[in-house]
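Chain lettering (A, B, C and D) follows the sequence in which the chains are written, and residue indices restart at 1 in each chain.
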């Protein structure tokens, strides 16, 4: 590990930060703080992307970093903020499972992800290969967050955070996907959030609430 | 098929027609003796038949042609059976027309016709009789066939003449299977011929009658034919029994006139003994309730199957 | 001299003609006259042609052809060999009579337009014919299911009645499940070569275990169509629901296609037969036969009664097949050939007398609008044609000499009896007991048919409206007469028939029934000294005696007849209601075989205003098998339904857990 | 080249135009015209590929081989017939006040865009673009599903969006892993995501990575295919959207998602010597068939019923592709074709039936054959076809699949037997009284569009009896490609 170049060490640091932020989101009960954490995650992601670009000389990653910065640090949090203000959502975010249990499950997931990623990481040619496990852990933690949240907006934030994890995997483990793909992904994410924004209004119009308990009518079980 | 063979065939048929009422008379007489009554004359059945032929037929107004056709068909079927059962000789030309199985089929044909005719008038008693008759029939028929199968296993043939040939020429051996089959056959014969303990030929008590219930609407010549056919049926069953279990004295071949002539007294003697035995059984037993009949015939069926299994297992 | 067209061409031409007639029916959807006076008779003519062509083909070497249809690597193969030709004769002959009957039967009041019925009917015929000539698995299955579909639509002609819909559904469901089993059977039979032609299957040598799987899949699949226990439940529902010509066609012909299929698989496609297959088929067949006939005795609906009787006959046929397999497995080809002859013969006979009886019930139904035995009676006076022709069918199905039903049962019994001690004593005893069961079934069949005929046609009318019943029209009479004539001829000249179907024996068991069987006068498959039967002599003797007696009686005595009321046993009030009802007639059988039934009974109490006794015997197999299956399926569905609770978190958890589990598994 | 551009360009342009002009009476016709144009272009493209063989154009960005060109043609065709159906259907909906002009504008624009995304997913050579296109397809259909803005449709759309969004995110992770594995061999340039390139080096790809990647890809795209237990969005989305959307969802989108799975499977098969991918697909397929069959029996809503039937059939196809081999793949492809044609035909009939009776609940739909023979028979025949009754094409493929299974995977056949039996009982017992029985119905203000139904069913019927040689060759080549 000692031979790792400085930029790689930075990336590992940022990776650790990302993981931490994921846990924080898992534990966070308040919507606005959740958005802040999401923005912070975006920032860490953008920074790591930029460092990878700098360290490896993959110049298209600068574009990615910029895109991430704009989209995930400014645009999406802004949209979410606006939505929350317009929708006048309550502050607390109830989880289905209590926080300590969630955290415990989260730890187990991280261990699992690391274990899973370890053999793969050995094969990588990139210096930042160890981050793959962290990316995978981030994805899984976001998944867990989506499962445990009862309200619509945190669920969407979980979804976006999962996207972050994926993006991190793409940049750090492989030095980025081809540009056209990244643009497409970014566009999809953006459009998705816009559509969801529209949805929030419609759901609230219909149900007077963003609580997902209202969305449990279509089912098979009695 | 020679002319002589045909002639002996007709002799046998004529003898059957002639002897059948006599057998009935004989049984009645024996029954009377055994129950300490004064016996009717032996020829009473002949006189009854003649008397009936003389009378005007009274037919129910809503009878269909089937009703009037039935006595003839039944009589025809019984004659056909009488021609086939080897009572005098074995190698008769018509014997080929039906083996034991086909013989049972012939009896069934007669039964079905008479049951249909009984239903034709549409009275409660007619249908009741038809139902009971078919009921007894479906229980008795399998048992009868099982008996025949047992015999046919011994001879390797279902053709009655061949069975007689084989059994008559065997060395004197004990066949436990045949003994069992004999008992079963006796039980079946009792049921099939409307005898006590299953039915009572002498009764017209509505609640118990089977055979007579079907004949309530018949009169005159129709009744005569049916009575005659019933007598023939008894005769046929007796001859089958004799052929299976006491096949001695039946002429081998169809043109040995001496043997045939000798066979006649043997047959009469055997029938007389058989008729007496029948009378003994009838006098000694009581009429069963109709729903005991399945048990009775079930026992017969079981005995027949046992006979067959014994035959298969022991080879004897 | 031009070569005659080969048999495949002729059969295909007949099939195309039927399809064309069907298409014309669609074109003339509501033109009843055209459909009934032109199309159905044309269909009958095609049937006759088919029967003739196929009859010629029985003795001819197999003909094959390949059609430009089907799957890319598996075009439709067709083949006419002795077996298919024999069943084609059956189809053509019975089909022709039924078509002719239909010409007079269908009226505009049926729920489906006549043109559509015509279409479905002829597609049904064509599909059955195609089943019989198909020579690869795909063509067979297509035809097989097309047959099921066409008959389903025919069954549901009166689809507004819920019971009929239910019957149709049950029928199609069981047919479909059976078809899947047949499909899997073919999957086994092709043995890994990937070639689904029957030719390839014949060439495959399967290990015994796989062959057994194939055989039992076939027994299940074809048994479902044939009505083998416990897959018979659709039969008594579907047959009464269908219009009578369709019931006749289904019972008389369609059930035989299942027999055909079973024979084809068991003897032609499989190269070996194991004795225990035969033992199982034999037992199953006999249980089916007994069960069918016992239930027939308890029925109060005339078409249901006949349907149960079909179950009985199928049971007898399957028992015969089992016996043939047993003999074949023990390498006794002559006995196998006799058993097989009995099977084939009985199939043909059943096609004739069951079609006859179903058609007769159709005429009764049209004349009286009544299917319940409890409201019929005395129709011999009103409908003499139908009644007398039905009498022939009744006697035939009751297995009485000298008609045809007796011949096949006689042959089968012969095959049972001449078991020259099979190597296993267990099998030996099984065969003997089976013979007893067969006889019991046959005797019960006579009981049932007396009940059927007596209650419907004899006695006094149980309802006043029956006095207005009219006899059948001329088309219907002609068809009934043709079938009755068939019953008589098949009964009187068995030797000819057996001689004609001998090539089938050669094909399937590799042995002929021999010279003795082929004599027109005398039937003696094992030689005259062992057993013999001559329907001609029996018939001649009986007829001669009847005629002579009549002559003598009328000549020497007087023939005077007086008509009077029936004797009332001293009880002045005699109403038609006092006759035995169908329930009453079945009572002894119900009593003896009580454990077989599930009976719902209502006994009126002395205080009832309108005392009414009723009882409903129901099929115990519903309770033993089908309801548990339905309940299990419902339970499973409810259980599976629980996974879909409508909560998105739960759904996400499923995805997540799936993902984790798979990742864990991969690692 | 020009054909590909046309195939992709026409729907895209149509979408933009329909979005721009807003709803006019002519919009439905424009929709039809655009779909027809797409179909014609797809037909020309197909002809080109059939004569000239596979093509790889635009800097290897687009790739057409027998496998996808057949799906392109199918997609364009069903897209066209659905647009035919949607015109009277949506007119009636509008007259009944269920949608307004703005919604119709959205509907038409999204319909074309949805077609575009599916065609893009099929034609692209880039696994990343494939993902992007599928995600875009999700987004467009989410809007279509929620078109009525009823509580139920919103709920359905929300579940659809979240479940498929999350699912497809897993697919992205899988794609990244794929890229990660390929990049070593192909370099970080664009080549490492091109399917053709990957295919060329698949045997050298790292098995460990690929097996994990396949799990993610299968779970991801499998969600869109509707494999149990990832299927939960599917019945809701099918039942609550407008019927034309249900038709294309069932008939097309599921196929495209399955296409993606199969493309991935080909790579994984090449890299991993074990039967890992096969077993996984067979397992999922079988589970889907069985579970869907049981769920079918609990349905009350006719569109949900057929949605579950789609799950069942996708399970069958997945199982077939899982088995692999020339025959099973052939059968799988055939099954995709006939399922898509039949299921969309059924949805067309169901759509008009529900409009006629004013309810989606099956208890309320009765006697269609009496009141409206065309719809009733359409529904009846379609149902029989989808249940695998010969002589329809569905039976042809099921025949091949079942017989192959009996030979290669005998353990699976009891499950298939039970599932097919239960499914048959469930579906037919429900459809029969809808088609038959005492009628309940009102008149439709417009003539129903039944031509598409019967065209589809006629093709399905033909495929059961005779597969044209060119189509058969095509399937064979595609089956070979899938391996």
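Simple rule for what comes next: contacts are C-beta pairs under 8 Å (C-beta built on N, C-alpha and C of every residue); 3 or more make two chains touch, one makes a residue touch a chain.
As the structure is a prediction and not an experimental result, all values here were calculated from the model.
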item	value
A-C or A-D - the one linked by more C-beta pairs in contact	A-D
Chain centre separation in whole Å, for chain D relative to chain A (CA means)	30
Separation of chain A from chain C, taking each centre as the mean of its C-alpha atoms, in whole Å	69
Where chain B and chain D are represented by their mean Cα positions, the distance between them in whole Å	77
Geometric centre distance via CA averages, chain C-chain B, whole Å	35
Chain A, residues touching no fewer than two other chains	116, 143, 146, 155, 215-218, 220
Multi-partner residues of chain C (each touching 2 or more other chains)	638, 640-641, 643-644, 648, 652, 655, 659, 663, 667
Residues of chain D whose C-beta touches two or more other chains	158-159, 162, 166, 170, 212, 295, 298
Contact pairs between chains, per stated definition	A-C, A-D, B-C, C-D
Touching residues on chain C, where the partner in the complex is chain A	638, 640-649, 652-653, 655-656, 659-660, 663-664, 667
Touching residues (chain side chain A, partner chain D) in the complex	58, 116, 119-120, 123-125, 132, 136, 139, 143, 146, 152, 155, 159, 162-163, 166, 169-170, 173-178, 180-181, 184-185, 187-188, 191-192, 195-196, 199, 202-203, 206-207, 214-218, 220
Sites on chain C touched by chain B in the complex	377-378, 380-381, 387, 391, 395, 398-401, 406, 410, 413-414, 417-418, 421, 425, 428-429, 432-433, 435-436, 439-440, 442-444, 446-447, 449-451, 453-455, 458-460, 522, 524, 528-534, 537-538, 541-546, 549-550, 553, 557-558, 560-569, 574, 576, 578-580, 584-585, 587-589, 591-592
Chain C contact footprint on chain A (complex, rising order)	96, 109, 112, 115-116, 140, 143-144, 146-150, 155, 212, 215-222
Chain C-facing residues of chain D, complex	158-159, 162-163, 166-167, 170, 211-212, 215-216, 218-219, 223, 229-230, 232-233, 276, 280, 291, 294-295, 297-298, 327, 367, 369-370, 384, 387, 389-391, 395-396, 399-400, 402-407, 413, 416-417, 420-422, 424-425, 428-429, 432-433, 436-438, 464-467, 469, 472, 475-476
